[in-house]
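Same chain, two partners: chain A is paired with chain B first, then with chain C.
The block that comes next holds the complex of A and B.
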C-alpha cells in the first residue's frame, strides 16, 4: 500500500495553525465557563493554564511519536505496526469513529444552541441536511478546501473576538477575581479535567502530520496556536468571571452569549443572534476537519473510499440528530465524548508514544545484534 | 445523411461548383502574354481596388511584351508582396475564404497562385472603452479585428518577448484565435494548458472570446467568471506583465486573461493612476460595495422576518412605521423590488444609450415612488435595494457584477427561510465554492487561501509603487521582479531648498 502524499497536496508548516485552532475552539467556548468553575470556582483560570500546559506536553509527544520512524508518520500506520493487524485495525476503527462522534457532538450541540436561541419551534431535519451537504461539499474538495474553510473560520473568529473583548470592558468588576486562592489543589485539578474537554481536537495532528511540508517546522506553530487558544480561553473566562457573579455564572448555560447580548453598536443590538450565525462558519470548519480526519483514517487503515465513508458518516449523523432530541441525552453523549476524549489524549497518546520509542529501540537492538 | 457538415473538400471541381453558387464569387480571365490566367475570388472578401491596380493593370501592361511561363513568375509580374503557390485543395479553400484571390492557367488545374489582397470591412473605427470606462488613464480599447488588436498590444509592449500564437477554432467559422504571453515572464505551464484546452474545443462558430472562456474554464458549474475579460488595453498589458496569458479571437473586442483570481475582478486600472491612498480607498469602497450588495437585502429579510430584536428601539419605530401598510411578507416585498431593478437593468442594457438612461431615471424614480405610495414596499427597503444595486455596479468587470447580482437571490431565499442562520449557510456554501474554484489550476481566492502574505499587499489595498515591484508569487512567473525601485532620486535644486 502506498500512502505517499504528492508534494502538490502538502501544506506549508505555518498553515497547521488553522485546522488546530478551528478544531480546538469549538462550540465549547460559548459555554465552558460554567463547567470549569464547578469545582474550582473563581480559581478556575488556574485550571485553564494547567490544562494548557498538559496539552503542550501531549503535542510534544505527538510530534515525537510521529517523527520517529520515516515509514509510519500517521496514527493509522503506527497502530498497525505497533499492535499488529487485528488490534491495530480495531484501534483505527475506534479513532475513525471517535472523529465521526466528535463531529456529531459538535453539530448536535450547535443545532441545540440554534434551537434554544433562534428557532425554538423549527423542524431541524432540513437544516441538518443542508448543513451536512455543505460539509460534504467542503470535505469532498479534499484537504485544500477543508483547510480553506478553516482559514476563513479562523479569520472570522479573530475578527469577532476583538470587539467582543473591547465591548465588555465597561461592564467588568475586576475585584471579582479576589481572593486569588481559595480552593484546594484537588478542586483546581478537577476543574482542569473539565477544561481538557475544550482542548480536544488537537488530535487531528495525528493525521494531518504527513500532509505538512517539513513537518518538524510546524511544531513551533502548533505550540504557538495552542498557547493562543489557551490565552483565548483564559481571556474569555476571566472576562466572564469579572462580568458575572459566581452564582450567576453557575446558572447560565451560555455565558459568552449572555455577555455578547449586552452589547449595543449603532444600528444593531442583541448581537448574539449574529454571533451564533457567525459561529456557523466555524462549526462547519470544525465538522469538516473531523470528517476529513475520519475519512483519512479509514482510507489508510481499511482502504475505504473517502467519499463513500464521508457520505455514510454524514447520513449517520443526520439520522442520529433526528433520533436524539432531548437535551439530557445530548448532554450525556457529550459527556461520553469528553470522557473518551480524555482517555484518548491522556492515556492512548502517551501509550503509543512509549510503544513507538520501545519499538524503535528494539528495532535498533535487533539490527545491532545482527 | 451524414451527421457532420462536410466543409473540407478534397476535390477542386466539387469545391468550385459549390462556391460558384454564390453571387459574390467572381471568376475572371486575364491575358498573360499568350496564355490566359483564371482568377477567382470572393468580391466581398477582397479589396477590389487593389485587385484592379495591383494585379489586373500590371498584368495587362506586362502581357503586351512578354509571356507568363510558370505560375511562380507571377511574383515578378505583379507588385503584390504575398504570393504563394499551392496545389492543396484544403489550403486553396482556406485562403479563398480568408480573402485571397487564386489564379491558375486552366480552370481545372490543381496548381494555383494565391494572391493576398484581403480587405477588412465592418470594423468600427471607434475604439473607446465604452463598457469599462475610466475617468483617468487611457481610453484605448480593442476592436473587432484580431490584427488591429495585436497591433495595439504590440505598440505598448515594445519587446520581442511578446509571443503571439495563432490557432484556428470553429468547424464553421474557422476563427483565428491568438494566445498571447510574454516569454520569460509567463509560466509556460499556463500557456501550454490554454493551448491544449483550446485545441480540444469542438464548436461550430466562435462569436466572442467569452465563449472560449467558458470552454476552457476549470469548472463550468459556477456563476463566477474564472477568466477576466476586458476590452481595455492597459488591463491586458498589465495582466501580461504580471505573468498571465491572454486569449483573443478574431472578431471580438474582448481579451480574456488568466489565470485570474477573485481580487483581479475588483481591481480597476484607475487604482494605479491615482495616488495610492486614493486608489486604496476606492478599492476598499468597491469591495465593501460587493459585500453590501450581496448581503444587504438578505439581512433586511432576516431581521424583519425573524430577528427584529437586533434593531434598537429608536430605529425599530421608523422601520415598523414604513412597513405598516405593506401587505406582503418581507420576502415578496424584496423580490418585487429586486426584480424591478433587474428589469430596469436588462431593459437599459438593450435600449440605445440615450433612451436607456432616460428610462432608467424615469423607471427608477417613478416606479420606486409609486410602489411606496401604493403601499407595496417600504421606504427603507427601496433605499436598501437601490443602494445594493448601485453598489453592485461599482465592480469594474461586468461579468463579476453579474455574478454578484445573481448570487443575491439565493441569499435572499436562504435568509427568508432560516434568517441569519440561512444567510450564513449561504455564506458557507459561497466560501466553500470559492475555495474549491481554480482558474487554470490556480486557486481562485489565492492571496487569502492558500495564504500568501506577500501577495496580500496588492489585494485589499493598492500600495505605493515601491512595494509592488514584484510579480505575485502565486502565478509562479519565470522572473519575479517587475522593476527595481520606484523611488525617484531627488537631486534637483528644488528639492534641496
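The block that comes next holds the complex of A and C.
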C-alpha cells in the first residue's frame, strides 16, 4: 500500500493552527460554563488550566508517536502495525465511526440551538440536506479546501467572540471569584474531567500529521494554538463567573449567548442572534474536518473510496438528525460521545504511545542482535 | 493551461457555493411586522384564584405610526396567560419586543418567582427588559401608560432615571443575578399614580421573591451611592448656619462617586467598614451662602458628609429591620470567608455593624457666583 502523499496536497506547518482551533472550539464554547462549574463552582477556572495542561502532554505524545517511525505516520497505519490486521482494523473502524459521530453531535447541537433561539417551527430536513451538501462539497475538495473553510471560520470566530464577550465589562462582579480556593482538589479534578470534553478535536492531528510539510515543525504551532484555546476558554469562563452568580449559571443553558445578549448596539437590538448566525461557518468547518478525518481513516485502513464513505456518512447524519428529535436523546448522545472521547484521548493515545515506543525498542534490539 | 482549467473549476465551485448559501436564506419562518402582535409592556395582577394579565400592544399601521391596543385576560396562572391572550387577537402574539413587566402590589407580595423565571426562560425576551412594581393594580397603571400613547413609556422612564436620576442600575439580568446570588436580595423600581400620571416614587425591596417594603427616592440615591457610581443622582442636603435657627436645604448633584467596602470581621455577627468618596456639584444654595468663599464651601462639604453618613446608617438599619439585603452585604462576607453559611449570616444580619465614612468634595458650583 502506498501512502505517499504528493507534495501539492501538503500544507505548511503553521496552517495546522486553523483546523485545530476549529475542531477544538465548537458549539461547546457557548454552553460549557454550566457543566464545568457543576463540581468546582467559582473555582472552575483552575480546572480549565489543569485540563489544558493535560492536553499539552497528549499533543506532545501524539507528535512523539507519529514521528517515531518513517513508514507509519498516521494512526490507521500505526494501528495495523501495532495490533495486527484484525484488531487494528477494529480500532480503525472505531476511529472512523468516532469522527462521524463527532460530526453528527456537532451538527445536531447546533441545529437545536437554532431551533430554540431562532426558528422554533422550522422544518430542518431541507436545511440539513443543504448544509450537508455544502460539507460534501468542501470535503470532496480535499484537505486544502477543508483547511480553507477552517481559516475563515477561525477568523470570523476570533473577530466576533472576544469583542462580543468583552461587552459585558460594565456588568462584571469581580467579588464572585473570591474566596480563591474553597473547593477540594477532588471537586476541581471532577470539573477538569467535565472540561476535557471541550478540548476534544485535537485528535484530528493523528490523521492530519502526514499532510504537513516537515511535520515536526508544526508541533510548536499545535502547542501554541492549544494554549490560545485554553486561554479563550479561561477568559470566557472567568467573565461568565463574574457576570452570573453560581446559581444563575446553573439555570442558564447557553451562558455565552446570554452574556452577548446584555448589550445593545445601534441597528442590532439583540446581538446573540447575530452570534448564532456567525457560528454557522464554524459548524460547517468543524463538521468538514471531522468528516475528512473519518474518510481518511477508512481510506487508509479499508481502501474505501473517500467520496463514497463521505456520502454515506453524511446521509447517515441527515437520517439520524431526522429520527432523533427530543433534546434528552441529544444530551444522552453527546454524553456518550464525550465519554468515548475521554477514553480515546486519555487511555487510547497513551496506550498507543507506549506501544510505539516499545515496538521501536524491540525493532532496534532485533536489528542489533542480527 | 492547467491553471486556466483550474480557474473554471474554481468558478463553478464558487457559483455552487453561492447558490447553496442562497438556498439557505429562504428557509426561515417569516414574521412580517403587521401580521404579528408585539407585546411591549405586560402587567400581572393577583386576583381570586388566578392572575389577570394585561398587555399593551402597538399596532403598526403605517410607517412611523402606531396605535396602542390594550388587552386584559384572566387565567389560572401566568403560564397560560399567553394562550388566553391569543384568544383575543387577530394575529399571533410575539414576545420579542417585551421591554417591561409590571407587577401589581398584591401579586408582588405573593411572590414573583414563577413570573420572572418564565421571562428568563424565553430566549426571545431580552435580559435588558425591565421589571417594576405598582402600588395599586398593574392593570390600572398600564391604563395610564396607554394614554400616553407610547408602549415603552415605563421602560424608557426607568432607563432615563438610571442614567440621569437616582435609580440604581437594574434590569432583568441584574434582578436574576441578585435573586440567585447567595447573600443578596433584589429590588425593583416602584411606581405610583399622581394626578393621573405615572410617577417613579422609589424602590421596592424584595425578600427572596416577595415584595417586602418600599423606600423613597432619597434612599434610592443612597443605594446608588453604595452600589455603583452615583453620577447624576441628586438629593437635598440640610445646612445650618451658626446664626440661624432652622435648617435650610441645598441641592447636591453627584458627579462621581465610589464606595469601598472592607470586611473587618466575617462574624457572625459580621462587621464592615464602608467608605464613600463623592464628587459633587452644588448650584442651588440658600441666599446667605457665597459659593466663591472656600470656608463656606467647606461648610457645605461637611454638611454633605455628615448628612450622607447619618442617612446611610439609618438606611442600613432600615434594611436590617426589614431583613432585606439589596446591597449584597452577605455576598461581601461570603467572598471573604472560607466557610459560608447563608442561614447563619441571615440569623445575625440584624447584629451586623457597619462603620460609615463619607468624603465629599464640591468640584463644580455652576456658572454664577
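Assume the second predicted complex is superposed on the first by the 368 of 370 C-alpha atoms of A that agree within 3 Å, B and C clash if a C-alpha of one lies under 4 Å from a C-alpha of the other, contacts with A are read in each partner's own complex, and residues count from 1 in each chain.
Keep this in mind: a residue touches a chain if its C-beta (ideal position, glycine included) is under 8 Å from a C-beta of that chain, and two chains touch if they have at least 3 such contacts.
The shown structure was predicted, so the numbers you read here are calculated from the model rather than taken from an experiment.
Peer 1: Output check: A:264 vs chain B and chain C. Expected answer is one of first, second, both, neither. What do you get?
Peer 2: A:264 sits against chain B and chain C alike.
Peer 1: Counting only touches as set out at the top, which of chain B and chain C does A:350 meet: first, second, both, neither?
Peer 2: neither
Peer 1: Looking at the overlay, does A:119 come into contact with chain B only (first), chain C only (second), both, or neither?
Peer 2: In the superposed model, A:119 contacts both chain B and chain C.
Peer 1: Examine A:274 and indicate which partner it touches, taking first as chain B and second as chain C; both and neither are also allowed.
Peer 2: Only chain B; A:274 stays clear of chain C.
Peer 1: Please work out whether A:15 is in contact with chain B alone, chain C alone, both, or neither, and reply first, second, both or neither.
Peer 2: In the superposition, A:15 contacts chain B only.
Peer 1: When the two structures are overlaid on chain A, which partner does A:144 contact: first (chain B), second (chain C), both, or neither?
Peer 2: first
Peer 1: Let me test your reading of the model: by the given contact rule, A:182 touches which partner, first (chain B), second (chain C), both or neither?
Peer 2: Second partner only, chain C.
Peer 1: Quick one: classify A:173 as touching chain B (first), chain C (second), both or neither.
Peer 2: The second partner, chain C, only.
Peer 1: Where does A:246 make contact in the superposed view: on chain B (first), on chain C (second), on both, or on neither?
Peer 2: Only chain C; A:246 stays clear of chain B.
Peer 1: Which chain A residues lie in the overlap of the chain B contact set and the chain C contact set?
Peer 2: Shared contact residues on chain A (touching chain B in one complex, chain C in the other): 118-119, 122, 127, 130-131, 134, 137, 141, 264, 269-270.
Peer 1: Which of the residues in chain A end up touching chain B in this complex?
Peer 2: Going by the criterion above, the answer is residues 11-12, 15, 114, 118-119, 122, 127, 130-131, 134, 137-138, 141, 144-145, 147-149, 151-152, 155, 264, 267-271, 273-274, 276-278, 280-281, 284.
Peer 1: Please name which positions on chain A make contact with chain C in the complex.
Peer 2: 116-119, 121-122, 126-127, 130-131, 133-134, 137, 141, 171, 173, 175-176, 178-179, 182, 244-248, 251, 257-258, 261-262, 264, 269-270, 272
Peer 1: Please name which positions on chain C make contact with chain A in the complex.
Peer 2: 13, 16-17, 20-21, 23-24, 27-29, 96, 120, 123, 126-128, 173-174, 176-177, 179-182, 184, 331-332, 335-338, 340
Peer 1: Sort out for me which residues of chain B touch chain A in the complex.
Peer 2: 306-307, 309-312, 315, 418-421, 423-425, 427-429, 431-433, 435-436, 443, 445, 448-451
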